[in-house]
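Heads up: the structure comes next, in structure tokens.
Chains here go by letter, A, B and C, matching the order in which they are written, and residues are numbered from 1 within each.
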Amino acid sequence: ISRSSTMPSLYSTNMRLKFPVLAISLEILTIILFGVFVTYDKIDAHHGPQNSSHSNEEPDFSALYPVFQDVHVMIFIGFGFLMTFLKRYSFSSVGLNMLLAAFGLQWGMLMQGLWHMHHGKIQVNIYSMINADFSTATVLISFGAVLGKTSPVQLLIMTILEITIFAMNEHLVVEILQASDVGASMVIHAFGAYFGLAVARMLYRPGLSNGHENDGSVYHSDLFAMIGTIFLWMFWPSFNSAIAESPQEQYTAVVNTYLSLAACVLSAYAISSLVEKKGKLDMVHIQNATLAGGVAVGTCADMAIGPYGAMLIGLTAGIISTVGFKFLTPVFSSKLGIQDTCGVHNLHGMPGILGGIAGIIAVALGAKSSFSSVQMLRFNSQVMKTRSKTSLFGNVVMQVAALASSVGIAIVGGAVTGLIMKLPFLGQPPDQNCFDDAVYWEVPEEEEEHEENMTHGDHSKNKAEP
Amino acid sequence: ISRSSTMPSLYSTNMRLKFPVLAISLEILTIILFGVFVTYDKIDAHHGPQNSSHSNEEPDFSALYPVFQDVHVMIFIGFGFLMTFLKRYSFSSVGLNMLLAAFGLQWGMLMQGLWHMHHGKIQVNIYSMINADFSTATVLISFGAVLGKTSPVQLLIMTILEITIFAMNEHLVVEILQASDVGASMVIHAFGAYFGLAVARMLYRPGLSNGHENDGSVYHSDLFAMIGTIFLWMFWPSFNSAIAESPQEQYTAVVNTYLSLAACVLSAYAISSLVEKKGKLDMVHIQNATLAGGVAVGTCADMAIGPYGAMLIGLTAGIISTVGFKFLTPVFSSKLGIQDTCGVHNLHGMPGILGGIAGIIAVALGAKSSFSSVQMLRFNSQVMKTRSKTSLFGNVVMQVAALASSVGIAIVGGAVTGLIMKLPFLGQPPDQNCFDDAVYWEVPEEEEEHEENMTHGDHSKNKAEP
Amino acid sequence: ISRSSTMPSLYSTNMRLKFPVLAISLEILTIILFGVFVTYDKIDAHHGPQNSSHSNEEPDFSALYPVFQDVHVMIFIGFGFLMTFLKRYSFSSVGLNMLLAAFGLQWGMLMQGLWHMHHGKIQVNIYSMINADFSTATVLISFGAVLGKTSPVQLLIMTILEITIFAMNEHLVVEILQASDVGASMVIHAFGAYFGLAVARMLYRPGLSNGHENDGSVYHSDLFAMIGTIFLWMFWPSFNSAIAESPQEQYTAVVNTYLSLAACVLSAYAISSLVEKKGKLDMVHIQNATLAGGVAVGTCADMAIGPYGAMLIGLTAGIISTVGFKFLTPVFSSKLGIQDTCGVHNLHGMPGILGGIAGIIAVALGAKSSFSSVQMLRFNSQVMKTRSKTSLFGNVVMQVAALASSVGIAIVGGAVTGLIMKLPFLGQPPDQNCFDDAVYWEVPEEEEEHEENMTHGDHSKNKAEP
């Protein structure tokens, strides 16, 4: 019994021509742009922390390379496996995650680099590799909101548009507003979440309002998801510290994130048990809400908020996130028409906003005063801003503007992107084939005894397919 | 069909109030203690190996951070997935592992830091993060002994008590006795194992003496466990070298551990095949005994024992460990009333003692003479010991005392902790619900064909539940 | 129902004596050789990039240790899990991978070290650990070609022979020919692939020419394989840069590999969809062809081929590899008698040759002119070659010779090794037990409902066993 089938003609889910042509064309276009714009950086043979003093001209490649690899693991293993929890959609989760991230990092390197050219060239260094990986994170967060309901073609288009818009908002926040957001609570997490939610709103499917039989996990798919969760959890200190300006700030970001995440685990477990009638733990909360502490401490991770401050942020994030999964997600689906498959609003949206607010408070309290104010200046910006860097009030305003900009641009950008993704020839799957790999993947036949059983039992895994 | 059920009233396994209240209270208490006692460290902007010469004042953050992350992976992925081998207890294995480790690292930072305060403050640096992770390892080893038979509430209490006692014993061994134990064969592995075995003895369940249908693996749960095994195996050189005093000792610990583990694999595979009637390999041995070489080389990892010496230790450890799994574990269960779910006695207990003995021999042979004698001095101890550091005999005596102290304190501490954990309101599961996630976790319904089958076959996965 | 059974007497698959005796004997022999030949290296306390200037005398341990660990993960998790895709052979894939790699790294350290002795001793340093891991990669590639059709005893013998021959060819290529092959497209990938294909040809099984019911995947085994794929994919930049000569070349190798792999993902996905009737993605392609970019960019990874050049290589490799899986592998099996279980010809063979050719072209175009010509000189070779290092034509000839040597020696060596492996007492499994762990492993009984079903359905998973 093959799981393939004829699709309704309304839905042109056969990808044979449109997907390969789009993917190859995009890659060739990207290679041409790289040929024109991208060059190697020069590595100083005498590089090293004490010589370069972490100046922006001389990133310390060998010290940051392990941090880059941690971020790389978060993007490809972390996000990829976190989404494998669905019983019949694990190939797509980890496989399309890889596709979008692999394309996204190339596109991100171009889009971010265009704002920071040297003599008309984009120089690849360890920071641009880290930032390229970062830019894909926004797409992978949004992917979580529409997981199971979109075609590879739709997702590639979302990747192009979202990363382009992300790079603009990041430039605005970091270079123009000069706001602090070292761990990217605002520019990545809140941005990616609200972008994805806006797309999901545009792609609302009334047919799924009563749920879908494949929109759930099985025992081992939940275990695969835990691989993603734990790698994200462990390496989040690298994510939040990767682009910190000085060794002191890098260290501070590591410690704050480590402690925030540890505290967050306790509150996520506690609330998960508390909100369930029989006091049992729910894998959805464990897989996701334990990570909210990493998101929420992001903006002020490199500031002197105190170890206990970081832990308070983590504790709060774990509570908010778990409560969101339990009570907000159903309401979003039923009242707002936002079907958020992975609950990215709870893991990235609200904790991202919490992070932005914590950043505003931390800046207002002077927690970042001892460090230089331009936390995220990773490129040699030729245009130096003249705004006084010592104005505390100005800094607070800029943090507020950064949060508003990230959320606002995300919602507008996501809505427009969602509209474009609705174009019918993009291969969106019909409702009954949602959350099912078999639409776009060769899926191995099950072991014999299962099929035998399926035949006997007069119901099959394939019944969602016409 | 939900796997939930009404529990016998004798066993109050409903965690809804007691678990959240305990978890949140502990976390808030911890945050308060962090607020009072814990501060950031200062990172020297001009840090680096050649400037700091690895002095204790200036740990080299960026050089040790990747090593810390390796240890972090061992704790959360390694221990967590190693224990997923049980067919119906994988959520608890990886999930409670995360909970205990996340709380334990906070508690460990406090308990270890209290012995090393500066002006009434505990400074967080890269060594204290590594040591905080280390302290959780003792708990996770003990968790293995009681896996499947304890509630989250019991386990949180064990975590508090064990780490508190661990920190005392470690202070005794390292600072008072000034014994060598760079890879912690004694203070972590032997300690954690005998502590756990003493707890298991106190929690002896006659009802499980004939085994339990869920106390076994399925094909894919054994594969998940291999993820844990291999990450532990690969990163063990980081574990054993993380707190070595000088670059030379760090390098030596890496090489010795790398070679000991490689040799151990060969002997574990060979003996696994030899002790089985048909010469087949047993996954229990492969998952565990291949790691014994890392445990056993721990104490003398940083000493000049020669590459072949490290390999001999690994070879021996692989043999002892596999033989233990095959012949000792059944005897422990039937004769001593010690039901050691994961066989921690074979992976951490005996190899830990072997490591202690190897350390005694190595010190007696002068293998550590070329290095400074205070291998584990990671903190700025104000009290400098006056004992002559050149006394070979004195060093040997101290190694013996360290081994005896670690095992003795573990057994007494574990017995007391086990007695406390027997308090009836702590939610221990009844015998028939042991090794079953469904007591404390929402477990997804199986796929339809399975349930259909369960109904037809007139027996269900749930039959252990009343 | 146990999956064990009586084997036909022709096939002596009972490993009880021969495997343990071989494994222990080899390990003891290895330990003796280590005792005679292998010593520690001296680590300069003042090591560091700026002092050592990456001279060959003073490898920078702490900077390269994270890179070594990345390679370690590729060898043990990457290769191990990549091969778990088979439905009933995952224990062997990950377990025998561990066995062969653990023995191979010891043997490789000896075989490679013998060519580079100092005063009759082999000094272990970070480069020799990286190279020891590298040498196991050749065996693990060849293992992929014969996966499911060989006994542990056969595989240990293959390990000894292949690594010995590999070390000779590597010495020839690197020291005598002084060819460039920093990422080892030729000396590891092409060598391992053609060695394995020659072995597979010698072990041709006509009985498998119509396929085998266990020669396929199930849903979750494909997911386990993706763990291997993604860790290989992520850490490949470390593999290709680990032994680069200078920081500049290390950086260049990282960037080129990162970009080549990203481009390769796009073309592998595109072609996978294009060659399938319904345009669906095939997990075999995703798991393997996405990595071809890392193989193909290996030889010239440290050269100034330009970011777009690396991407073009990756794009091409992804196409060639996917097309190979679809169209060449069936032909190899039916026409040439080469049954290549994992398709190593498509992942390592053709992309390895492509890498060799790309290296020839890059050298011809002068892409390596700005760097020193001895890319892979990792040991203190006492014999300095007198061949002019500025001769472009000479360099091109040497690259061609290196490729020819690697492929030629691999084929001859593999054929001889395959003949030796055919000796009947080595425990090769009969055709009907191929691709089945149960021949050499204790396999857990399936869960009750499955067995129940198997009985009802009158067919069992075990029917391949007589």
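Basically, contacts are C-beta pairs under 8 Å (C-beta built on N, C-alpha and C of every residue); 3 or more make two chains touch, one makes a residue touch a chain.
Bear in mind the structure is a predicted one, so any value in this text is a computation, not a measurement.
K.L.:
At the place where copies subunit A and subunit C touch, is the share of residue numbers found on both sides over half (same) or under half (different)?
P.N.:
At the contact between subunit A and subunit C, which are copies of one sequence, the residues are largely different (under half shared).
K.L.:
Enter the angle, 0 to 180° in steps of 5, of the rotation superposing CA atoms of subunit B on those of subunit C.
P.N.:
Fitting subunit B to subunit C on C-alpha atoms yields 120 degrees.
K.L.:
Using mean CA coordinates as chain centres, what's the gap between subunit A and subunit C in Å?
P.N.:
Each chain reduced to its C-alpha mean, subunit A and subunit C end up 33 Å apart.
K.L.:
Spell out, as numbers or ranges, the residues of subunit C touching 2 or more other chains.
P.N.:
Within subunit C, residues 48, 50, 63, 66, 220, 227, 453 contact more than one other chain.
K.L.:
Name, in rising order, each residue of subunit B that touches subunit A in their complex.
P.N.:
Within the complex, subunit B contacts subunit A at residues 4, 14-17, 19-21, 23-24, 26-28, 30-32, 34-35, 38-48, 51, 61-63, 65-66, 69, 72-73, 76-77, 80-81, 84, 90-91, 94-95, 98-99, 102-103, 105-106, 124-126, 129, 152, 220, 224, 227, 440-449, 452-453, 456.
K.L.:
If we count contacts the way the header does, which residues on subunit C are in touch with subunit A in the complex?
P.N.:
Residues in contact with subunit A: 48-50, 53-54, 60, 63, 66-67, 70, 87, 216-220, 222-223, 226-227, 230-231, 233-235, 238, 246-248, 250-252, 254-255, 258-259, 261-263, 265-267, 269-271, 273-274, 276-283, 286, 290, 304, 306-308, 311-312, 315, 450, 453-454, 457, 459-461.
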